[in-house]
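One chain, chain A, links the two complexes that follow: it is found with chain B in the first and with chain C in the second.
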Partner chain A sequence: MIVSFENRLLQFIGIMAIFMAIIVVLFPFFWIFLESVKPPSLGGRPDIWRFELSWENWSEVLLNSSVPLNIMNSFFIAFITVVISLICGAPAAYAFSRFRGFQGARYSILAAEMMPPAILILPLFLILYKLELIDSRIGVVTAHLTFVIPVITWFLIGFFDEVPKDLEDQAMIDGYTRFQAFYKVILPVVRPGLGAAAVFGFVLSWNDLFYSLLLTGAGSRTLPVAIASFWTFRGIELGKMAVAILIAVIPVLILSYFIQKHLIKGIGGSGVKY
Partner chain B sequence: MNAAKMHIKYKLILPLVFLLSGIMLYPLIFSAWLSLQDYRLTRINDVQFVGFENFGLIATDSSFLNAMGNTIIFVLSAVTFELVLGLSLALLVQKLVIFRGAIRSILLAPMFITPIAVGLMFRFLLNSEIGIIPFYLLKFGVSIDWFGPELALFSIVLIDVWQWTPFMLLMFLAGLEALPKTPFEAARVDGAGPWLTFISITLPMLRPVIVVAIIIRALDAFKVFEYVFAITRGGPGNSTETIMYYIYQTGFRFFRMGEAAAASILLIIFILLLVILLVNLSRPKVTK
Partner chain C sequence: MGQVTFKNVSKSFGSTNIIDGMNLEVHNSEFLVLLGPSGCGKSTTLRLLAGLETVSSGTISINGRDVTELEPRERDIAMVFQNYALYPTMTVAQNLGFGLKAKQIPPKLIKEKVNEIAYLLGLTHLLNRKPNALSGGQQQRVAIGRAIVRKPKVFLFDEPLSNLDANLRLEMRAEIMKLHREIGATTIFVTHDQEEAMAMADRIVIMDNGSIEQIGTPTEIYFQPKTFMVAGFIGNPSMNFIKGKISNKMEISMPIGRIKINALLNLGEDIEVGIRPEKIKLADSKSKSTEIKVTVLVTYVELLGPRAVVKMKHESGQELTSVIEHDEIESYKVGTEINISLASQALHFFPKN
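Moving on to the complex of A and B:
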């Protein structure tokens, strides 16, 4: 096959562009890691590349700060949020996928997903304040449910749509009720979808700043809020902030790697057919 | 109709409806009520009904209009950059023969991490005193004040582009993979070059995916808060104050919940109109 010079040039430019993109994406991660292992006295010195590896920032943050508590809070909140979302979302997504008359309901889920947090935070804050649930993890769970439930439900509709109807028809002929068929036959089939939806919901809750910022106090503060407070209250503590950022980011990057291939089906839902 | 006789399809959605009514519908109604009150966090026991006064106050408030303007500029420029960049990268990555999976995973990484971390990383990467990027740019004689009055909003756009171009890439890679092969083979046989093929085949066939990606990303971009909170807090002046930040300020810094609620309702109406407009514009023209 003859490849013209022009094509080769285009190919070369393309590869260089991808290479550039990779560097642009990776550089901030590389830099933040570097800052986290710099001796604290050298933090924020852009001219220094050679230094003695120091784990002081890491040990400070892990042993001598609120970050472990923040991790626990974030984990607890994200976990409970996802469990409740799956319990409510999975049966509903199945119903939306299988029964007629839910067209409007589908769109409401989508609308709920797009709802700006700015409109919900005001009433939620006042309601939680009246219930004395400000600075409680359950208050944050309530707020996170407002965006995780719609996302998980929408996510699952796409997965249920792909399961052939014959499957539960057969199960019902065999004597299962509709609910048993859903619970014992369909749910196991969409297990990868449930897993991906759970991971995605977990990441959304884990990453949230806006609600957590306004609804938490010292005891219930989540990791993103803690990261933000590294510079507002104690001046710039770059090294420690770098450690906290890495702690928030690394688990998410690992988790998300496993759900990448499911994401499209989830985000597009069944509404989008390519 | 009693519970036992209720059709299974309603039983299945009951928990969801119940929960969402409590945590979304009720707050929304509360919010609508709130927007008609003079409700201040500082005098929570002295709430007065003021009708549509809050809406009047907001609609004539220059900082609200400024925040709306900033947000619209932000959304338009961020989504445009992300669209062009995401589509170009998708076309390039799709052609890769080796390392495609690994490169895809790397390029998608930014969209999964918490925006506050992204904001803070760039706050320090671009900081004019301790930032590594201005430091090395200066060695080439380039001096840019990334968070000065002229560039701050643009810098926030760039940060958004860094984090969310991967979303466009994700959508377009899936879209490209799902395209049928035949038209492309036909084009090759007919001797169409890469540019012509792109304009006359890829782009029109990708259109539905592009529309969905733009809508999702634009709606999401309206919620921009973390970068502003992490870096500029709306400044310098109010050049980077976005609508989310404005509502946050009005409600939780100035304690004027009624006005904040009115602003959030105006925001929703605006977004709704935008979605209707986008959906109508994107509907393929019917030819009979």
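Moving on to the complex of A and C:
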């Protein structure tokens, strides 16, 4: 087969475009990494490209700052949020998938999702204040549940839609209740979806700045808040900030890699199919 | 074992009536086939009996016990779905044992029973596989094994053979009948394939539009169809229909001629006269008052192995189809006129609809 000149040209342009896209995406990470290994004396000078490698920012952040505690907080909050969201979201998604009374019902989940968080913050703040849960990790979990449960529910509906109804019918005939059929037969089938939903919810909670900023104090501060707090009245501590950003981003990148296959289905797959 | 009674059962989804006042008595150990065009409510009937749908009105009982309000798990039935519905995350052995596990049977006994069934169905070497590593026929066997291992009162099959290729379908058909003879459990088998129904059934229930048209043995259904729908639905090629009028003195006039009948018909003036393709014969020289001799033009001959289908046209425009033996084919040349005979005892009469 002779490949025409036009085809080759198109192929070349395509590869160049992908290459450009990769550079555009990866360059900021590279640049942040450079910033993190600059000597602190050069901090706040992103225009300097030649310098001596220094790990001082890293040791400073990891050993002499609150960042390790912040990581623990973020991890704890994201983990508990995801566990609760799965426990509530999976049965909800199953119900939305199987009992289709009012067609628009499933879209009301999205409506909850689209509300600006600013609407909820005041009542949440007051409730948590009364319960003396301001500056507690459980308080932040409560706030995060308001957007992670809907997302996980929405995410899972598409997965349940793809499981044939015959499976739970068969299980009910085989001697089980509907709830047993749900958790013994249906849940194992959607396990990849549960995993992807968990990762997705984890990342949402892990990345949240808004609620954490307003609801946490020193004890329960999360990583994104800590990153923001490197911007002090003395100026931006760019080197340390860069370290914290990398620590925050790397788990997200790794986790996203593992669920990329399911991500599209989860986000787009809940459209009603008939 | 299991006797099933539907009493005045109706089912509607929203405002559409899917099953309409069904009355049905399934005998103990019987192999009953529900046959009808797709969408007529066969699956719904099975699902009502299984408890997967709730009746809108009427009662269903199994062995005299009213099960209308019971959950599927309380009815002691087993069902094989068209797509087999094997549990994809479980091995064959786990699939087979899942129903026994629900009954709190000790694991050791479950294992014994599973092995026994696997041996019976030739699945022993597949016990540790997942369903997606099985062929269609093997999946089918697992689904059947999962049903019989529980020794239920009633077996329900919803078009279980329609996803198999032709050879395998015949093989599984024979196997299901053999199992039924050995186990002797009441079986309700749904199909839209009349040949399958004829071959397997003790009795056939013909359904159309959510109600029962006729219940009978395959022979009764074929030779004494009670309604126009049954007559037209059963038989391949299907029955010929000719519009007729009852004139006085027990005589029917049709576009192709008149015929005397020796029975009083109470069907109104306009009727449909039916005759099976294989009952259309070449006319001989003798003439009888109980037959019509008709001259028709042969328009098409299709050879199907030992038999052939012949299409013919009468000068009135009436078309007829007949089935002939291979050795008669010389007499049916396309484009020639032939004389055929319709005997009155081969005719079926239905009210015009």
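Everything below uses one rule, namely that the second predicted complex is superposed on the first by the 247 of 274 C-alpha atoms of A that agree within 3 Å, B and C clash if a C-alpha of one lies under 4 Å from a C-alpha of the other, contacts with A are read in each partner's own complex, and residues count from 1 in each chain.
Here is the rule we use: contacts are C-beta pairs under 8 Å (C-beta built on N, C-alpha and C of every residue); 3 or more make two chains touch, one makes a residue touch a chain.
What you are looking at is a predicted structure, and each value in this text was computed from that prediction instead of being measured.
Enquirer: Scan A:Ala112 for contacts with chain B and chain C and give back first, second, both or neither.
Expert: So A:Ala112 only meets chain B here.
Enquirer: Of the partners chain B and chain C, which touch A:Pro164 in the superposed model: first, second, both, neither?
Expert: The answer is second: A:Pro164 touches chain C but not chain B.
Enquirer: Tell me the contact category for A:Val185 with respect to chain B and chain C: first, second, both or neither.
Expert: Second partner only, chain C.
Enquirer: For A:Ala196, decide between first (touching chain B), second (touching chain C), both and neither.
Expert: Neither partner.
Enquirer: Who does A:Leu156 touch here: chain B (first), chain C (second), both, or neither?
Expert: A:Leu156 contacts neither chain B nor chain C.
Enquirer: Please determine whether it is chain B or chain C that touches the greater number of chain A residues.
Expert: Looking at chain A, the partner in contact with more of its residues is B.
Enquirer: Please indicate which partner A:Met172 is in contact with in the superposed arrangement: first for chain B, second for chain C, both, or neither.
Expert: In the superposition, A:Met172 contacts chain C only.
Enquirer: List the residues of chain A that touch chain B in one complex and chain C in the other.
Expert: Touching chain B and chain C on chain A: no residues.
Enquirer: So in the complex, the part of chain A that touches chain B is made up of which residues?
Expert: Residues in contact with chain B: 10, 14-15, 17-18, 21-22, 24-26, 28-29, 31-32, 35, 44-47, 84, 87-89, 91-92, 94-96, 98-99, 101-102, 105, 112, 114-127, 142, 145-146, 149-150, 153, 178-179, 182, 203, 206-210, 213-214, 223-224, 227-228, 230-231, 238, 241, 245, 248-249, 252-253, 255-257, 260, 263-264, 267-268, 272, 274.
Enquirer: Enumerate the contact residues on chain C facing chain A in the complex.
Expert: Interface residues on chain C, with respect to chain A: 47, 50-52, 71-73, 77-79, 81, 83, 85, 87-89, 98-99, 102-103, 146, 150.
Enquirer: Can you tell me which positions in chain A touch chain C when the two form their complex?
Expert: Contacts found on chain A: 164, 166-167, 169-177, 180, 185, 188-189, 191.
Enquirer: Within the complex, which stretch of chain B touches chain A?
Expert: 8-9, 11-13, 15-17, 19-20, 23-24, 26-28, 30-31, 34, 88-89, 92-93, 95-96, 103-110, 112-118, 120-122, 124-125, 130-132, 135-136, 162, 166, 170-171, 174-175, 178-179, 194, 208-209, 212, 216, 219, 222-223, 225-226, 229-230, 243-244, 247-248, 251-252, 257, 260-261, 263-265, 267-268, 271, 275
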